[in-house]
Amino acid sequence: MSRRKSRFLRKPVEPFAVTAGLSADDLLTRMERVSFQGRNLATARRIWEKMLASDATIFLGTAGALSAGGMRLIIAHLIEHRYVDCLVSTGANLYHDLHETRGRRHFIGSPTLDDAALAAERIDRVYDTLASEDEFCRNDEWIASFVLKLERRPYTTREFLYKLGEHLWNETEHHGILTAAYKAKVPIFCPAIADSSIGMGLSQGRHRDPAAGQIDVIGDIIESANLVIRRPSTASVVLGGGTPKNFINQASVQAEFFSDKVGGHKFALQIVTDVPHFGGASGSSLEEAQSWGKLSIESEKISVQADVTVALPLLVAALESTTKDLLAKRKRPEFDPSGPALVVNGQALPEDHFQES
Amino acid sequence: MSRRKSRFLRKPVEPFAVTAGLSADDLLTRMERVSFQGRNLATARRIWEKMLASDATIFLGTAGALSAGGMRLIIAHLIEHRYVDCLVSTGANLYHDLHETRGRRHFIGSPTLDDAALAAERIDRVYDTLASEDEFCRNDEWIASFVLKLERRPYTTREFLYKLGEHLWNETEHHGILTAAYKAKVPIFCPAIADSSIGMGLSQGRHRDPAAGQIDVIGDIIESANLVIRRPSTASVVLGGGTPKNFINQASVQAEFFSDKVGGHKFALQIVTDVPHFGGASGSSLEEAQSWGKLSIESEKISVQADVTVALPLLVAALESTTKDLLAKRKRPEFDPSGPALVVNGQALPEDHFQES
Amino acid sequence: MSRRKSRFLRKPVEPFAVTAGLSADDLLTRMERVSFQGRNLATARRIWEKMLASDATIFLGTAGALSAGGMRLIIAHLIEHRYVDCLVSTGANLYHDLHETRGRRHFIGSPTLDDAALAAERIDRVYDTLASEDEFCRNDEWIASFVLKLERRPYTTREFLYKLGEHLWNETEHHGILTAAYKAKVPIFCPAIADSSIGMGLSQGRHRDPAAGQIDVIGDIIESANLVIRRPSTASVVLGGGTPKNFINQASVQAEFFSDKVGGHKFALQIVTDVPHFGGASGSSLEEAQSWGKLSIESEKISVQADVTVALPLLVAALESTTKDLLAKRKRPEFDPSGPALVVNGQALPEDHFQES
Amino acid sequence: MSRRKSRFLRKPVEPFAVTAGLSADDLLTRMERVSFQGRNLATARRIWEKMLASDATIFLGTAGALSAGGMRLIIAHLIEHRYVDCLVSTGANLYHDLHETRGRRHFIGSPTLDDAALAAERIDRVYDTLASEDEFCRNDEWIASFVLKLERRPYTTREFLYKLGEHLWNETEHHGILTAAYKAKVPIFCPAIADSSIGMGLSQGRHRDPAAGQIDVIGDIIESANLVIRRPSTASVVLGGGTPKNFINQASVQAEFFSDKVGGHKFALQIVTDVPHFGGASGSSLEEAQSWGKLSIESEKISVQADVTVALPLLVAALESTTKDLLAKRKRPEFDPSGPALVVNGQALPEDHFQES
């Protein structure tokens, strides 16, 4: 060996040292110097801090059974305290949130339960978690009834979900994702709403009145791209992949078609369990996203391969210790998502054409 | 050991014997007696044969980058020869199909290419596969122009995609998924169309005319459930999970709300790479689906954990050898997907209310 | 729905609530009521506590690049404070531990480094972690020199590794896995020692003297089974699967052949990333282990699907808060691993025949 | 877009076209132009052909429950027809092979069987495959009896397994891995023999005679490295990862310490289900192996992410069609593995020191 150390061998791994009373902050701080996914999770915290310190509008994407699985109040917390500015979600996560906000529950089960016995009792299983199908049916009816209160015109999912959160808050005054977003005026997009029980509720609204339940998902595309065009920069926090991951990236790609100033997300972090090597979007690498311009070539980014139910509580608990000032000082956009056009810092975004800022 | 064999030890594993000139049929026949995913793939062939021999309407769900990855002509083949009756797809698979049907190509790359260099040349990477972003932009414009030819009213994705396939066929006369479905009059649903480049094309149509690009995804929910209600039984073939997997199951669940005769899919097979233990829908087990009534308790079902690009060519090549008679004799539904209402065996399905047959 | 709740719907999921200053203990306590792998990790803590409260001898199995990845001082901590009684490890984890105890380091790298450039500088990569190959060569020589100090007779890996830990401590007085095990008199087995750099060091010892470097791995089998026979009960903590997982289970199976009193581990927890459905031992389920008698049918058990570098720091930090009394009071075996026969509570275990207690 | 095509966009993906009567050869030939793991599997065939056309000594590593899972006669076929020159295996694959060669069977079960019921009937489960524990016990005794026939001296696993294959052939005249290797004089190494039922059989031999059951795993290290030193070049075919994968690579690394002429395997292919991002050796990338010198920087290599029970039958069936001439003409080493020293092309390899050729 040459006497001089290689440029590659500069920063040693520091073995994690267990001591009494470690906080979430301590854990992630020590994990910054270990390897593999532990290090990646610790790095995710630092990148999220940088997002908060920047001028980026932060998109949060949520896929997987996060609400059924006990993560909904963390997501509500992220919205309420504006760790994020805009939510893109699967319908299921919003639906299971609504279920609990309405006072119903999910239950602790096991993956080895007898599904025939569950079916006989009309209980639905999500891996190790259970819910009453009858309660789900009543949610659908509740949504259908709400749908009938709306005007007989197309709503983007963003406008529809704002109204839904408003109605839910007025009726329950309970904390959750939809109600937190309503109160914080944080827009929610749900590009695959037709593939969810919220979509089923909408379809049941239309069953009662053929003019009800009109959803304009194409308007969402335009609005989300205009949001990216309007903001100085963007960042992406993806939990679980799925349609939210792609929709957040698509907004960036679509925005570039209409504005030379848009150059991909400036920061990106994802916590996923899918892998890149089968070619699917959920597991695709953040490097690959750079080839498309979804992410800037200079972006700071990290991918964490972990179940969200393990990684997210630790990550957010650690952020909670270190971001008080960052949250207080951050330059966040102020929205009014209550009308047909999304208003950002007092200016309405068109939903029928792309518009350079 | 007792002299009597246990009831558990009845059917021995038969080690796979390599001989010269094995066909796809031989391979899967011999794999029926091995273990693990090899056996599951071989079982999938037998279950698909049973679907074809039954009165079931067969849904095919396609997620993951199957078209970019060289699987589109297999899917077109399944549609053309009516191995399946109804396609539910991600937008990306239809878009990448359209790209090739229009004469453009995807290219063989590598997962270790330099994404900054690719971005500089405007080349988009999907794991080990590449495409020209400029060609993609021209597809988007082509779709936008087509959108402007349509009436200024909402289209379900099913009606829209039929018209798109028709237009594509008339312009190219090339074989692909959209064109095969057009010619075979096989309906296609795309519940997450807003999360795809087809959605982007639609949004660009609207950019040119605010009244264009109206998509009614709630109508798709009603229509797909009415299809399940109308048919004597259903079956599900899922490639890759994603929104198509859930949408096919949702149709079954939604149908049960309006018809006591509906009891879940009678057959189900899925080829997925996701796993059940993180709780996401893509990897969820077929047993779990039974608790929801998505699948009948008596259904025959198999889950294969494999990349579709490995499993599908072998599976379909083997089916091709053994299903000639089954395909000729099967009681398949005849569709007319050309209008606002889907016509099945001469009878229109409502798209604004659920209707028992 | 009947008015009475189903027996399945008794214990609701409690959404994780983020508050300021959460400790590792708080995190896992709140995670007990979420779903999926978060719940499993929280359950693992409770099962480990039960192990400590019981009369079980606790085996720890370590596979994967845990030492290179910054986990070695956690493992040393578990040994020192007798969270565990016996270590079964891959050779690599002991070798990378020795590397750091000798004052060398692993370094923080990235999975996308240029491997040709690394090879040119003689730097070895383990995913995102780096080490100097020249330093590795000098470790091998150091081990070879130590081997030449030993008697020219076969050593079980257990005896050999005790002597290695002793030598390492005497030379360095540094804390690590091997030195902690030496000081705590905790036996270490390394069934696949021939598949590791420790084995390479042994082979280089023999290169210098053909009578040196004799390892008796068959003696390890007998000794480990006799240990299971002798102890009132056993428990298994498996990190990463591999040969340690199977060896710990094999000891239980082998012990049953010679003693009717042995009935499989009473507790088992594993943190693995492999999955059951490909049939390999690393990912095999704990239920499957029950069919073999590796685990008792009544055992309490949990499998966590997570990277050890994410899960272990959190798990052990939480245990550290709640187990002080349990550790002080536990009925742990006292070993003398310094000679050809392992001595347990003053009684030597044969290494050349199985012996009922 | 510039008129000239990018250098990246040269070779288009060719969609797989289904036609009647496709052979394994046809399947893989068409899969060369698709994407993801399908392409990788097709590439694996071409790389194996190049191995056969070269002067490389081909190591085959087998881990995972391949023999129990119906793959043993494929492995025997690879040995008999000298697709490979040297086997490195887990003990389990050799043990389950011996079980069937002795006329016992594994049985088709299911992953959802009741393990308590299986345990009650003394049936052992390997995911979806079953075997009689009583038959396993009799195998162990049979091995123990064989062990007592051997000289009371240490045997490398290579010598021991040759004798075991010889004994098995003489007693059964049945085809299998051990018997094929015996007849073809192909050496087998089993570095983790202590972590298997073959090890248990050895330990039971020693139980009957304390001088029996001596295994010299350190000799295996020296012998395997000397084999690499002696041969002009080497290649690696890895199924499933595990200790065989590392042992084959270790032989290369160890050989380089003693010979400047050794430069890593010239070809490498692996079929694995583990992933790189958790840092474990089973899933480690072939690029990473280049940093260590396990693989030559110029090596041709491919990693296939697939279950061996899906990929191997197809791969070997296709090779069978195209390699007749290659097998007939190849420059393969001729071994005599019957004595304490492995003889290669008439020259004995030392097992007590490393020796440059």
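Going by the order they are written in, the chains are A, B, C and D; count residues from 1 in each one.
Throughout what follows, a contact is a pair of C-beta atoms (placed from the backbone, for glycine too) under 8 Å apart; a residue touches a chain by one contact, two chains touch by 3 or more.
These numbers were taken from a predicted model, which means no experiment stands behind them.
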Over half of the contact pairs shared by residue number: find the pair among A-B, B-D or B-C that meets that against C-D.
A-B
Relative to subunit C, the most remote chain by C-alpha centroid is chain B
The distance between the C-alpha centres of subunit A and subunit D, rounded to whole Å, is 45
Computed distance of Cα centres, subunit C from subunit A, in Å:
37
Can you work out the whole-Å distance between the CA centroids of subunit A and subunit B?
27
Where subunit A touches two or more other chains simultaneously, the residues are 35-37, 65, 68-69, 113, 118, 123, 126-129, 275, 277-279, 287, 305, 307, 309
Provide the residue numbers of subunit B that touch subunit C in the complex, in ascending order.
35-37, 275, 277-279, 305
Across the complex, what residues on subunit B touch subunit A?
63-65, 68-69, 92, 111, 113, 115-116, 118-119, 123-129, 133, 137, 140, 154, 191-197, 199-200, 202-204, 206-207, 210, 213-222, 225, 240, 242-243, 246-247, 250, 253-254, 257, 273-282, 284, 287-288, 290-293, 297, 307-309, 352-354
Residue set of subunit B touching subunit D in the complex reads 1, 6, 8-24, 26-27, 30-31, 33-39, 41, 65, 68-74, 77, 100, 105-109, 112-113, 118, 121-123, 126-132, 134-135, 287, 305-307, 309-311, 313-314, 316-317, 320-321
